[in-house]
Amino acid sequence: MKMISEFTDHDHIEGQFLLGSVSKGVNANGGSYFSVELRDASGSITAKKWDATLLDEDIFITGNVISVIGETNRYKDALQLKILSATIVPLEEIDVNRFLKAPPIKKEELIVKYNNYVTSIKNEDCQKILKYMINKYSDKLYSYPAAVSIHHEYSSGLLMHSVTMADIATFLYKIYDADYDILVTGCLLHDLGKVIELEGPIVYKYSLEGKLLGHISIMVSEIRKAADELKLSSEVPLLLEHMVLSHHGQPDFGSPIMPLTKEALLLSLIDNLDSKMVVVNKALTDVEPGNFSNKVFPLDNRTFYKPKDE
Amino acid sequence: MKMISEFTDHDHIEGQFLLGSVSKGVNANGGSYFSVELRDASGSITAKKWDATLLDEDIFITGNVISVIGETNRYKDALQLKILSATIVPLEEIDVNRFLKAPPIKKEELIVKYNNYVTSIKNEDCQKILKYMINKYSDKLYSYPAAVSIHHEYSSGLLMHSVTMADIATFLYKIYDADYDILVTGCLLHDLGKVIELEGPIVYKYSLEGKLLGHISIMVSEIRKAADELKLSSEVPLLLEHMVLSHHGQPDFGSPIMPLTKEALLLSLIDNLDSKMVVVNKALTDVEPGNFSNKVFPLDNRTFYKPKDE
Amino acid sequence: MKMISEFTDHDHIEGQFLLGSVSKGVNANGGSYFSVELRDASGSITAKKWDATLLDEDIFITGNVISVIGETNRYKDALQLKILSATIVPLEEIDVNRFLKAPPIKKEELIVKYNNYVTSIKNEDCQKILKYMINKYSDKLYSYPAAVSIHHEYSSGLLMHSVTMADIATFLYKIYDADYDILVTGCLLHDLGKVIELEGPIVYKYSLEGKLLGHISIMVSEIRKAADELKLSSEVPLLLEHMVLSHHGQPDFGSPIMPLTKEALLLSLIDNLDSKMVVVNKALTDVEPGNFSNKVFPLDNRTFYKPKDE
Amino acid sequence: MKMISEFTDHDHIEGQFLLGSVSKGVNANGGSYFSVELRDASGSITAKKWDATLLDEDIFITGNVISVIGETNRYKDALQLKILSATIVPLEEIDVNRFLKAPPIKKEELIVKYNNYVTSIKNEDCQKILKYMINKYSDKLYSYPAAVSIHHEYSSGLLMHSVTMADIATFLYKIYDADYDILVTGCLLHDLGKVIELEGPIVYKYSLEGKLLGHISIMVSEIRKAADELKLSSEVPLLLEHMVLSHHGQPDFGSPIMPLTKEALLLSLIDNLDSKMVVVNKALTDVEPGNFSNKVFPLDNRTFYKPKDE
Amino acid sequence: MKMISEFTDHDHIEGQFLLGSVSKGVNANGGSYFSVELRDASGSITAKKWDATLLDEDIFITGNVISVIGETNRYKDALQLKILSATIVPLEEIDVNRFLKAPPIKKEELIVKYNNYVTSIKNEDCQKILKYMINKYSDKLYSYPAAVSIHHEYSSGLLMHSVTMADIATFLYKIYDADYDILVTGCLLHDLGKVIELEGPIVYKYSLEGKLLGHISIMVSEIRKAADELKLSSEVPLLLEHMVLSHHGQPDFGSPIMPLTKEALLLSLIDNLDSKMVVVNKALTDVEPGNFSNKVFPLDNRTFYKPKDE
Amino acid sequence: MKMISEFTDHDHIEGQFLLGSVSKGVNANGGSYFSVELRDASGSITAKKWDATLLDEDIFITGNVISVIGETNRYKDALQLKILSATIVPLEEIDVNRFLKAPPIKKEELIVKYNNYVTSIKNEDCQKILKYMINKYSDKLYSYPAAVSIHHEYSSGLLMHSVTMADIATFLYKIYDADYDILVTGCLLHDLGKVIELEGPIVYKYSLEGKLLGHISIMVSEIRKAADELKLSSEVPLLLEHMVLSHHGQPDFGSPIMPLTKEALLLSLIDNLDSKMVVVNKALTDVEPGNFSNKVFPLDNRTFYKPKDE
């Protein structure tokens, strides 16, 4: 089955697609139609379902995975898909591999990097807590996205984000004379609560626990429990709980306590930096030099400029 | 040994006192002196140490418990104490009973009320968690103050606050059709994290855990741990964790998640109401009718008016 | 004439209905149609007007009361109404009784409770002002809603809110040693300015005075005027004006002066508590256990969770 | 008796002065002393009371009017007063004329201007309300300061502010096509509530009504009462009440309703402009060209620069 | 070619129009249509394009200038235009004069007034900078709008705003003893950066420089450059740069430094006053007495009331 | 002359010192004394001037450089200095080298690093602007502190901060695929406006231009001027101006325009990170493990915890 990026003109298409944005319109002869965005891991395409019926209203809903038969054509220099038929794919029949976008670095490579960082840590209590968590959550840790939004999210986004932060931490801890073990353990664990906060498998949504507690509180409790079960008596669990609790930097952003140790402050600054840079890079992906991006919601709805090639 | 409220004019006084506010001045003949507030459970009195020496600077510090020899006299219609000698009392020699103010309701009575509320709860998971916590923390739960400030705080303030909230909850749950068991369990547990957040025994201060995590996060972890150890599988622990997490009502006040259940909302509103009313009642305690109180810091520095008796 | 709650399948319906939400769509054969919500005091029903004409655009407007002929049918397990004809009902022909939802407690009972509270007050100046106001505004006081929104509002909502607050005040004044007479008079009068701020009879809207002054300022002036006409010389009118002025608690919420007496503070806290609990109860009315409500606008657009029945 | 501005070196001084800022220090030989600011309508001078006694602590309090015997001398190029004796002046013996600073324009002239504006207004209801108010409050209207602060305030500051605003309104109403009568009546009445909000005679403080209601609410009630007594039936009283209510521009600054008519908006903008310009002019009064003023509290604690003379 | 204000019933119309708001609907027989607002300098008219085709979707876009053939008719007491054909007008064929609304005062008159103000200034450095700027930017200065919005904007709005502010400054500088030359130069230059911030010719949009720097920073640099080229050594350029930098009054509104001189403060207050009054006057233009305007976005979405004619 | 770090017990000391904090007290026999902090580049020491005279009040003022004769002694395990005589050092006689703290990296090394970064940049316009600025400002660029506070500030702090940011940029530009030349040029230039904003030589204060314009506006103008003089026509100057303008990240922190390019965003994030880490490192310098720092003003007055050595 062809992926979207492989479509050419006048293709006959059969396959599963994820529905992105959906809008309804009226065509020239008065009938109603759906103009929708179909997605798979390779990209997205605009598709039209002409002569929409009332039944179609239950099918064309953002987030549904649908089985489509259709034909491609070219409109205003872009490929479109004319949908001939569409039905909802039951959850158990979804071909997950069609939808998981590969991260910029291969998942296997990320797992190796993640575990290398774990091995690099000398503090025993950090080690024990990391291994406890990996033991308990590695499946989800290795596959979860970094955030709930479906737009352009990788599978393994959580892993990618954790590893990138550890990369940066490894560079910065020397400049600011921070504790390597505590700082890197914080990078590896700070967002792990998301494996409980979110539920998959394809379109990630907030779980009930996610809504009522949030990934920060969830993870603080997890560390406390680990420390108890592992009978740790050093300050390390407390320092890690504090880092997780404070890593969003301020109450307005979900951290009821602000960073109060050097490592907690540095972790929150690296997290802030990486999160924003990932967002701006996504926003600029398809922008031509000399143009502005669309509005970027998590960055105050600003539009970003991509300078000209000179 | 006489308590402050029993002092009369021309008394010879020997005893332990807690130092409240401290200020230094210069007397008519050029010597320096300390004007301080001495406290015990029965009240407070202004005291003067004339001809202060450099040594006195290490003694007269707010929060110290000092052993004093002195004599009372009358100045501008109020009793004062002239301090003849003062030394610091070592922690282990402090006579704690002189400083614990009795709550408006007797501690024993509060304990009975608290336990009656526990007994009144039918939901088994609520019961189990409550008993787990009482088993673990009853000593501190029965004796801790409700807040860190030493000013006019009762011993057992935490117990008093919890019981008053349960009283109000028992009246309101019927009006708003809320779940009695969940709501009252929330009242009894919501501030229990303070027994870890604060450290006594007399002048309560924030512990390291209190500073780095706060009583809300501490208690959320405690409930999660209790639920795990007790192998509870219902929604109840999650609902209780959410209530504790959200009971300050909004991120600015320490709750990263706002109340999302009826009972969590009602708990936060009762807590807000009781906390503010206790503060305003303290502020108005010694105000004469027709006058304004001092500025009340936790209520936006407002000054409150006590209407005339008419 | 049948009320909406009495409709069954295949009924022929004739009667007056209030238009709630209105949306326009396109049916399978290209014609446009209206999908609207019809309401009466007993409930609401989705109705469709197929083959809409341009004339229908002036009829199907939220807030209109329309006379409808139609037939019920069943769609996706719910009753719908197919509208065969619809015309606007002139204001003077509206059958008001079809639209006034009865409050949870009977209006007559509420009036008795309200007047019992008036009688219970011993302070003469409070008594005089209360009677002055009842004399002047009882008609509207007994029938007005508690807020401008038509959604799920009772007739007599203002009365219901005032009486509930007095109920709570009667419980709390003892706990916090507040002045019963002043506090309860405040409960009974604090929102009375709404009878001038809003205009009825069915769909309540802001009057010109309501927009330019608001119910708080209106009521402060009313009390001042009453006190002058009644030649009262005590502090009571000032205390009542202050309570009304400050009962929204802070400038952002419409109170230019924050509460500065114990009774004013307690009134504002009870008002805050009752207003929010009424809102959350409405929001959860039709939510199934284990689900979330829709977004609740006056509570920061949060969605509230109704716990599972266990 | 000499005014402060008339003091020269080596004068013997006897007279009444108002105490501005007060601070206490220690002199070279170990005694304590007071360094205070003495004021009268003509200016201020630094004064020293050496060898202060405990009795002096009840005398040298900001806001007291004291009777002083002393001698001037020169210190660091400025005149100082050495206080030989000081006693508090009883309220009834205060020589008010020594403390009322004359406004930049003579009071008599301001009264003429104010009344000319009243006469210039053609709208009968505006006229009636203005005359009602002048009749009731002219004494205070003609003598009150514009704000509670004692620093550099004129007597007749309220009158000065009202007249200046009317001057500006008379220029601007033509540019923006506003209603002259409504706008100017607003200028003349908007702050009149201050005659009830503040109490004199010399050091103006907030009255009980001022604290519990504020001058805005007080004046809204006054206009409503006037309109009732005068049996006015036009929109004019409502428009004036709205102007007064909204003239601080936004809820944070004391206006629960923001301006909703052109004239109310213009009034609030003129008030804002005049209030700030008066403050900045005061702050720059004694600043040398090329220097910055002290911090100006009502203007965000900024310091203002006076450009060089070039 | 007739202007919109000259249309009568049953006119045959051919001409260029600017497209204002655009909405799409469905007519009685199921076809789709466009309902649009056409504008020229004389006013606006509602127009309908029935039986819209897919091609029309590229034509009927807000901001396009289209060439229209159509016929007027009357609907609900208002003239409408039935569009028979519509095509986009290429940029170079736009008849600019049809779209530039004349300001309330004639452009020529405004230019005279502007230059009279320039001549009235005695300070040589102010003079030199003003002439430098006029020399460089007079074309745009004389023709630009005051803001980016196309709604009801004049050509020469920038000139109109600058001259009105100078008018008000000329009245106020005497009242507050401000420096005429500095203040009026500020009025004439403060918004001149808009000639670089915006790009025309008809529908003004933000230029790249406008987006990345804003008119305030642009103008500060311009003055600095002028001062360098003109080799000015007085404080005047710094004072003017500061006035431009601070004229929006506070950081939230685009001024990183708040006004710190009397003239800068006064300039920002006059700018605030004129900007808001122009907005409210526009909003009330077509409102009938006794009614409210639409929501006014730049004034907190308030709706303004136009009092009854009495 | 000995530096402070070289003092031992019973030393006779003569030399210049900078006065840090100053407080006045009263000694045992009633005389007044000064307790001050003396500083030089090597550290600080508490010093006492017993038997203070009125003349001393003009000498012991924070920020003065004084010439001291004194003797060291030991008090509570710390060295103190007893001041025997103290006089103010005239500006021209200050021995600057005693007060300039060396940065953690040698100044010469920093200059080499800075210039290596300049050389590493390939974009010609970036190169030209950098060289223009170095040519014009290298003296001050190489010696200025990074901020106005004298506390613990290095000489060459500005250079240190610029070079550290370039170090981090060189690591991060690859991760986020940013433009190396633009980003590093931004790091090297972003704070250069401080050489005009501040005035030295020892205690740096805001200059007039610094107060009225701020270093951001100053630098934007400088780049614009450079670009004009160098006749650059690429987008580069605009991109650099935008980076400088936006590098504080948001209006509240002094950037009227928020970052709108990837490089501007990254620059602001690196600046934020380095500034905060430098502050927290200073705050923790002398804190013992297991303790909290003093309140850190630029970090919301938080106190930071230094974990125990375990």
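Chains: A, B, C, D, E and F, in written order; residue numbering restarts at 1 for each.
In this section, contacts are C-beta pairs under 8 Å (C-beta built on N, C-alpha and C of every residue); 3 or more make two chains touch, one makes a residue touch a chain.
Small disclaimer: the values here were computed from a predicted structure and weren't measured.
Chemist: Between chain C and chain D, which partner chains are common?
Modeler: Shared contacts of chain C and chain D: B, E.
Chemist: Copies chain E and chain F touch; is their interface built from the same residue numbers (over half shared) or different ones?
Modeler: Shared-number fraction above one half, so same.
Chemist: Rounded to the nearest whole Å, what is the centre-to-centre distance of chain D and chain E, using the mean of the C-alpha atoms as each centre?
Modeler: Centre separation, chain D to chain E: 40 Å.
Chemist: Taking each chain's centre as its mean C-alpha position, how far apart are chain A and chain E in Å?
Modeler: 44
Chemist: Just curious, how far off is chain F from chain C if you go by their C-alpha centres, in Å?
Modeler: That pair's centroid distance is 61 Å.
Chemist: Among the residues of chain E, pick out those that touch two or more other chains and give their numbers.
Modeler: Where chain E meets two or more other chains at a single residue, that happens at 26, 29-31, 208, 211-212, 239, 260-261, 305.
Chemist: Pull out all the chain pairs that touch, please.
Modeler: Going through each pair of chains, those in contact are A-B, A-C, A-E, A-F, B-C, B-D, B-F, C-D, C-E, D-E, D-F, E-F.
Chemist: Where on chain D is chain E touching in the complex?
Modeler: 164, 167-168, 171-172, 175-177, 179, 182, 234-236, 239, 258, 260-262, 265-266, 269-270, 272-273, 276-277, 280-281, 284, 299-300, 302-308, 310
Chemist: In their shared complex, at which residues does chain D touch chain C?
Modeler: That would be residues 208-209, 211-214, 216-217, 220-221, 224-225, 228, 238-239, 241-242, 245, 251-252, 254-257, 260-261 of chain D.
Chemist: Which positions of chain E touch chain A when the two form their complex?
Modeler: Those residues of chain E that touch chain A are 24, 26, 29-32, 52-54, 208, 211-212.
Chemist: Mind pulling up the chain A residues that touch chain E in the complex?
Modeler: 26-30, 292, 305
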